[in-house]
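In the two complexes below, chain A is the common chain; its partner is chain B in one and chain C in the other.
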Partner chain A sequence: MFQSFRMSMTWLHTWFGLVIGYVLMVCFFFGALSVFDREIDRWAIPETRFEPQVLPSFDKMLLPIFEKMEPLEEELDAARDRVGGPLPESKPVMGYSAYTTHRDPVLMMFSEYAITNNPDDPRDHVHGYITIDPRSGAQLSDEQLKIGSEFFYPLHYSLHLHWANLGYWIVGFAALVMLAALVSGVVMHRKIFREFFTFRPNKQAQRSALDLHNLTGVVALPFHFFFALTGLIVFASIYLPVGETMFEDVALKQAQEEAAATGLAFDPAGVPAPLASVDAMVVEAKRRWAARDMTGEVGFLAVNHIGDANSYVSIYRAGTDRVTLTGQGIHFKGSTGEIIREDPPPSAVEGVTDFMTGLHLQHFKHWMLRWLYVLGGLAGCVCIATGFIFFVEKRKRAHAKSGSSGARWADAVAVSTVTGIVIAAAGMLVGNRLLPTDLPDRGFWEESVFWLSWLAAFVHAAIRSAPVQQARISPAWREQCWAIAVLAVGAVVLNWITTGDHLLKTLGEAYWPVAGFDLALLAAAALAVFAARRLRLREIGAIEQRETSSGGAEAAHA
Partner chain B sequence: MRDPALLAVAAICCILSFSWLALAMDVHWQQVRETSIQTIGVKRMLRVLAVVALGVSLSLCLKVDHGSMASLVWVMLLALAALIVTFTLSWRPRVLAPLVAWIPNVPRAGVGASS
Partner chain C sequence: MSASAPSLSPLHIALRIIGAVGGGWLFVWGFTTLGIALGIATGMPYDEARTLLYLLAFVVFLVAFCWSFVTASIARVWLVLAGGGAVMTGGAWLLLRSIA
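Coming up: the complex of A and B.
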């Protein structure tokens, strides 16, 4: 079919790259934002702008709050569908857990309740979920959307398409294609070392775009490869759900045997028993970590089989000093507080999995590495965007001659996935600051602003892309760059007006979650203005003319 | 303050290393030193310097963080340094001239005479 291996790789890279590139753009851009998801949460929910807190007293503060928690309404609705009728009045509580990180001022609390009348699944259960201010125990309104951790972050792996886990599958397929695109890209690239440091911004758009595509693809190749791979590893159980399908019985048996071996009861005993002081267990867990020279606070605490003689409490360390997922779980008997077991060091296989997963999930405390991850993610975005531009530039003259509109539509979709997603994200932040604070279901409206801004960007790109059919540049790129600049500056100004937290104040107080995000928005605006002005020069042909007039001199150097 | 300073030096070493690596290539050498040709000896020396600087940056990263974290930081610093060096060569190549200022000019035939 193809004359050479290189040509077959070119075909694969071009077409899979184009189609899947649109999805990968979303993964990379919102993945890059997710590196600072907790900080974006602070920006979006001003009442949570305070310093990160350690886990508060379980006995005095958390337990009374847990006891008042209720299952989530949407989970109850789903459970009614599963059961096919009404749910029993009493839903016995099964477990409580609390989660925090070194970047979280707020504490997330989860509870689990048994659904006892599902004949198909005797272990059926529903969850409760709230977020509290751990300084006072006050519950935060669930009308407030955590834009970073509850919207941008899941968007990058699930696309918010939850039906049949469709989003996960699309993203998983995209990650697989990404790995193939990286390998085929290396095969195609003729001058990987000779042009390693080459970017010629004043050449023809096709040449400049390819330079930038190669540059960002090659210098961040390890990052791109490992993030696509580890992204797949994180969700391996969704992509290969053998534990829930083919081997369900085996998996259940294994869990039971593991429970028997570790002493962490799989099922409740059915004998009531009180819960001993969990605070004392936390003190003991910290003492044991310190004895192993592992400092750190509690990241995750779970109480299983509440109120039962088989109850046990698992306490995990917040891993801040390692890339790999740490935990060093220590497990206590709930009724007495005596130690049941300490997690042994991971086996070789577990160690590799934990490292790969930790590399992607980045629980560690290393601000420089976080910024370098953002750089890697944005380099991925530039690589994909310049891939689109190269695709269009290479074909638009031929398409203009033949009257085909293929390049035009590829360009319009590229505009809406490159500048369009930035507009949608910045539009959402502006919406976050403008929507009334007491608006019922505020989070829904914030999400609506996101999707509608994105739709508007697509419609605009589609309408304005007609010049591509005459082999010219779509003005939509430039116009959307201006829109990004206006929205990003607007978000910073609105943050100032609505919260009083202007940059001088947040910088003066060294409150980096908000100061850093404001600065990032201003940097994005500056970059958008720069891009818009360069695009204008390209549109009127000024850069190409400059190139032609200096071509003779450059030829002499070459 | 010690760790951020060490990491900053590690980053600078990466940038120096990639600058020297780029300057060991004819095309980039000419961007910086238009009137001078590059001898094989200079090329070799720049590459040795580049490798030494890379080694220094890796060892600094390892001094600050656990090995697994340090290797990630270092690999990502390489990407950052490569981007910085490339964009400098695109827009302000002469900025790199001081890095090879101590290397004597070997005029190119025809060019050196006229300059």
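Coming up: the complex of A and C.
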């Protein structure tokens, strides 16, 4: 592109880093929060603050609940659009499944119903979905949004833009740019090892920001590279949908052949048959895992072809004891409970993929590794944010002279994607505690609080960023830091007032999902206050002056 | 870092970016489909071949993407990425037809 290799790479790093960095902030920040998504769920839904539960009795508790489940309204609407008219009165049930993890007190239940009048797709179907308290079987209200696992977590890979999977594509492209930014970043910096040990917090902002950018970029480079790459691999079938296009026939043929070979029927037989005791199958599955010396709690259980002679039950192990995605699925004949098959060990290729995606999805039980993930994600945020600051600091004097507003707008968007997303998240938590518990469609209002807080942060950043055009620091950074501090402390206090679970109580009971999240909020508030005070010093020039008076050579051309 | 880049026309930049992103995707699509077809042709199960190619696809995309900004000629970016992608996709399609 340019004469020199390094210059081309620098261009790539600068411009893609800036524009896509705004998206990457969302991926990294909410990805870091997703490490503790289940714990955030507990914080947000106080009636689920109890210990994680194992799968309850299928025969006694789950089956009667499954039988009462209904398809989701929004899925029926979508099916009407696909069919282009009304749906048949009867929607035969196809399958039931239940999912839990070692961090979930609640149990998620899914059901599947056939849509029989779609001429384009004979396998068309819709789903039902509920969450229950597995101690009593009581259904949790649909109005309760699981803020961690249903909002922050999908935000980090889909941006909640579902039209044509647009959000997935944007995030996928951002992941590619992240990889390219890491490669080009290494190319740009020859003295990478020395930069590793360099951080000069009292130098001018441009120098300090670059130091921190290099330090976080280099120190967490393998982490960042791996997460961007595995994120792409997880959703590879969206980005490269070979199975639905060129290889559709091959994929269908293989699935059918596999079904014939494994005895796990691809289609129902059309002959009614009762379902044997699933509890007995669970006991047998656990016995077989124990025989292989594996911790044997059920993570996922699925009953396929309900009420049919071809019905089979698949029971998968919750993979808490290793990084790789595990299943060790054991499959039973639904009508008799006899074993059909045990999944063989994965092939080498599947093993690598399972390990890589497992490392990203972290189903394992290892709290220190979990915290390292959070730190890695936040290091990514620091790396991207300091990249923004460096971009602005490097240009703002020249832009101030030439009258360009480029640096100002880059700065305003940076403020709204750095401090702004924290405000949106903390605002949502405050909203979660303040909105009336019986408010219809409460989850919608919680989401609205998030988006409106974010919008407000952007408007504020845009209005307050005028000083950047005079080569000064936008006060929006400092003001939004104060907003974060107020909202984060407010969330902790409101949690105390509305639920009675103050920190002394949760710490005393060692109830870490809530205690840990409260502490994290307080730490965020403390960091925000520290940052706000430092920013104030920067704004009035105290830090640069101190540096000049101590004889800093580089400050001379500040 | 310090040397300022010579300015490029917006058209050049647009063609470069579209070539890198769109052309890069087409190249990776061709690479993936041809790889899977070759895998099937040599006796690999489809699932296994697909999983293997998914592991490689984004590394190939990364190299293609970076290369499109380093190489001198835009025509070469388009020829190699879009052209190469189309050729590989065609190859995959022909191969698939001959073995199916």
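Just so we're on the same page, the second predicted complex is superposed on the first by the 549 of 558 C-alpha atoms of A that agree within 3 Å, B and C clash if a C-alpha of one lies under 4 Å from a C-alpha of the other, contacts with A are read in each partner's own complex, and residues count from 1 in each chain.
Throughout what follows, contacts are C-beta pairs under 8 Å (C-beta built on N, C-alpha and C of every residue); 3 or more make two chains touch, one makes a residue touch a chain.
Everything numeric in this text was worked out from a predicted model, so none of it was measured.
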item: Chain A as common anchor, with chain B and chain C clashing or fitting; value: fit
item: Which of chain B and chain C A:530 touches, first, second, both or neither; value: neither
item: Chain B versus chain C as contact partner of A:129, first or second or both or neither; value: neither
item: Partner chain(s) touched by A:236 [first = chain B, second = chain C, both, neither]; value: second
item: Inter-centroid angle chain B-chain A-chain C after superposition on A [Cα, multiple of 10°]; value: 90
item: Touched partner set for A:215, first chain B, second chain C, both or neither; value: first
item: First, second, both or neither for A:369, with chain B first and chain C second; value: first
item: Partner chain in contact with A:249 - chain B first, chain C second, else both or neither; value: second
item: Broader residue contact with chain A after superposition on the shared chain, chain B or chain C; value: C
item: First, second, both or neither for A:444, with chain B first and chain C second; value: neither
item: Chain B versus chain C as contact partner of A:201, first or second or both or neither; value: first
item: Chain C versus chain B - closest C-alpha approach in the superposed model, Å; value: 18
item: Residue numbers on chain B that touch chain A, as the complex places them; value: 4, 7, 18, 21-22, 25, 27-28, 30, 34, 65-66, 68-69, 72-73, 75-80, 82-83, 85-87, 89-91
item: Residues of chain A defined as touching chain C within the complex; value: 1-3, 5, 7-12, 173, 175-176, 179-180, 183-184, 188, 229, 232-233, 236-237, 240, 242-243, 246-247, 249-251, 254, 347, 349-350, 352-353, 356
item: Residues on chain A engaged by chain B in the complex (per definition of touch); value: 194, 196-201, 215-216, 219-220, 222-223, 321-324, 355, 359, 364, 366, 368-369, 372-373, 375-376, 379, 557
item: Chain A-touching residues of chain C, taken from the complex the two chains share; value: 1, 3, 5-6, 8, 16, 21, 28-29, 32-33, 36, 40, 45-48, 50-52, 54-55, 57-59, 61-62, 65-66, 69-72, 89, 92-93, 96, 100
